[in-house]
Amino acid sequence: MNRDASRVETFSDGVFAVVLTVMAVELLQNGPARDPGTQLPDALVHAWPTYLAYVITFGIAGQIWLGHHNMWRYVVRVDQVLLMFNLLVLLFVAAIPFTADLLSDNLRGSETEQRLTAALYLGTVLGESLFFNLSWWWARRRRLLHPDLDPQLARAVSRRLVVRPLLYTIAFASVFVDPILSLLLYLLLLVGLSLIRRPGDLPRSASAEAGGEVSGRGR
Amino acid sequence: MNRDASRVETFSDGVFAVVLTVMAVELLQNGPARDPGTQLPDALVHAWPTYLAYVITFGIAGQIWLGHHNMWRYVVRVDQVLLMFNLLVLLFVAAIPFTADLLSDNLRGSETEQRLTAALYLGTVLGESLFFNLSWWWARRRRLLHPDLDPQLARAVSRRLVVRPLLYTIAFASVFVDPILSLLLYLLLLVGLSLIRRPGDLPRSASAEAGGEVSGRGR
Amino acid sequence: MNRDASRVETFSDGVFAVVLTVMAVELLQNGPARDPGTQLPDALVHAWPTYLAYVITFGIAGQIWLGHHNMWRYVVRVDQVLLMFNLLVLLFVAAIPFTADLLSDNLRGSETEQRLTAALYLGTVLGESLFFNLSWWWARRRRLLHPDLDPQLARAVSRRLVVRPLLYTIAFASVFVDPILSLLLYLLLLVGLSLIRRPGDLPRSASAEAGGEVSGRGR
Amino acid sequence: MNRDASRVETFSDGVFAVVLTVMAVELLQNGPARDPGTQLPDALVHAWPTYLAYVITFGIAGQIWLGHHNMWRYVVRVDQVLLMFNLLVLLFVAAIPFTADLLSDNLRGSETEQRLTAALYLGTVLGESLFFNLSWWWARRRRLLHPDLDPQLARAVSRRLVVRPLLYTIAFASVFVDPILSLLLYLLLLVGLSLIRRPGDLPRSASAEAGGEVSGRGR
């Protein structure tokens, strides 16, 4: 029965792996050495938005992968709806390199450009977090999780997960006030959320018992 | 013995994962920020065929992945012919981003262009569904399926699978009457087929017993 | 102990999956819809070398994947040298899309172009088959294969494997006589080799006993 | 419990597989057949930096994969920090095609260009080896390794791993003396390091007992 969940993980990992390296293809093709006119140091400095987009994509997609990894550890069975929700999560994840690239290209553009690209970027992250919540909610409702998972822990995970789309919505709404403020708010949230010790996380140290409830699952 | 089937799944998942994200590379490279002349909002709106192709590719390849996942759960052994059929399925799957992109680029073109690109797109999907049927038929004939699989269920799956290429052939033929009608027909079929509860599907809820017949397979 | 071999397979499958879909990226970017001047049907027909390269790459890389899959079923342990040989196999496999594309682009070129691109293509396939043979030879010599594998079968597989680089060398040498003849010879060999029933292959039907000697390996 | 480590390996393998084949996409797109003006042989020769970058990327990323494979064999559990360190290793690995391409493009450039691109390339390799060391150090400290792993072996692996960033730092520093000398030094180190028989390596022959201490782990 484990099996279905494990193939979904392999497949999702493939998508994440390609998303993380898509920006490396972009780096190669926007390589400054391609422009014969300019000096190399200038050209390298000039391409900074691509590097920024590379780091943003890696940071965000990496963090989403960590969350995905944490959640799917508890899933032992899958059904059609859960797979559909997971595909929709991946649809938004795969759009992150595009919106991160747009965003970093227009950070110094006009306010309309900033607003539009920040909205697109935050919309992508918001869409991902919404469907991520839906997949956890569905897995709980349909009892697809590990039977030994503490129901209290499952509820705590739900509460924690729901915080992300709520805060992203606030960041998204504030784009229409000030795009740069909205991105700063988003970064603050991101760093804040990853520092808080959360229930259902992987244990921070091996001696922690938090992961013990699924230890009987093995492979 | 499980092993062969599981490596085929890993390999196919890799191909599916890249296919889903190939359009993300295309999004990046057709990024509107690359054209310095036009305004960003106009440029973004102008690139709508690429977004459409991204969503079509994700939708179709995602659905084919679901079907592939459903079928291969039952396969416990592989032989050369089955691997060959699976490679041919993947050959057509990997061509979907190209034909979807062509199609969305020419949706507002002349009737010849619409007809040609709709025919190419439907031909790709038809080819995939034909070889998918062949692989199920071969796996049944050569007894490569799980021995505990109910023969009645296997027959029901066969009947269901054969519907897809038949309906795709009709959509394909109607391209020569009216290309847009043909695509609408195709979309209708797609949505219709995914709404109907089918035998051999993953259970929609965890309490359903439909998946139980292979539960002893484990991993 | 199984474990090492299984991770090598996952990794190699990833490389094969990307190689198979690399040409799909190329199809997208050479998409005829990008040239506004010409008619779509003409543009599509004009791009035939890219389609040919796509099919060649899929055919060859798919066949090599089948061979890789067949061989690695018998490997239960790995050492540094075997991993190195496997990486060199993958180095040549990953160059196939490039040389196949060059070849199909220059099929109607001057004789120098035909000769050069046919030599490059055949050299890539030759390099892959050499290192593939080396990895089988090393795995046998260092007893990395399944202990229950019939030594007679192992010898038969060695004999069969060594045929490929020998015949490729002949095809490679005949490039300097006539490039087109050399490619025809190569295709003939390819089809011939895949039709002959060979020892150590996956059984063609499930009732065949050829795969039975490793059935105890499980997973 | 094995499970977490095994998903991390699948994911990392996906990234490595794409990185190895990213240069193949670059080969295709810098294909000399694209330039109609020049002769094919000249164009092929002219593109040598791309081939060099392809081989460098394959060589380096392949070697890092071997090291990654060696290390993760001993890891049985993961925590958030270890996953973060692993993501940072992958961030630097995915940048290798870009910096290797820059480097090979500028090998015959001015001294400033040589210095800058050599520094970027060596910086990427240095960053990777630093985070690789950090992940081993963390896995040891947090007792995420296999309990039967000989502590003396673990210490020996640590000592060996720490040599790489130290030597890379020397190569990095010597860029500011002479860029070409620095690269030669780096190549010498690379070949030297891979020839020395090191504790914790995969056994070179199957009869070696070095890998025995984790043989009970199975899968």
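In order of appearance the chains are A, B, C and D, and numbering begins at 1 in each one.
Methods note: contacts are C-beta pairs under 8 Å (C-beta built on N, C-alpha and C of every residue); 3 or more make two chains touch, one makes a residue touch a chain.
This one's a predicted model, so the numbers in the text were calculated from it and none came from an experiment.
Participant: Between 0 and 180 degrees, and as a multiple of 5, what angle does the rotation take that fits chain C onto chain D by Cα atoms?
Facilitator: Resulting rotation angle: about 90 degrees.
Participant: Any idea if chain A and chain B meet via the same residues, over half in common, or different ones?
Facilitator: Copies use mostly different positions to touch.
Participant: Centroid from C-alpha atoms only, then distance chain B to chain C, rounded to Å. What do you get?
Facilitator: 26
Participant: I'd like to verify one number: the distance from the centre of chain A to the centre of chain C, where each centre is the average of its C-alpha atoms, in whole angstrom.
Facilitator: Measuring from centre to centre gives 36 Å for this pair.
Participant: Where in chain C do residues touch two or more of the other chains?
Facilitator: Correct list: 10, 13-14, 17-18, 25, 29, 219.
Participant: Applying the document's contact rule, which stretches of chain C touch chain B when the two form their complex?
Facilitator: 9-10, 13-14, 16-18, 20-21, 23-25, 27-29, 31-33, 40-41, 44, 54-55, 58, 62, 65-66, 69, 73, 201-208, 211, 215, 217-219
Participant: Considering the complex alone, what residue numbers of chain C touch chain D?
Facilitator: The touching residues are 1-4, 6-8, 10-11, 13-15, 17-19, 22, 25-26, 29, 77-81, 83-84, 87, 90-91, 94-95, 97-98, 101-102, 105-106, 109, 112-113, 116-117, 120, 142-144, 219.
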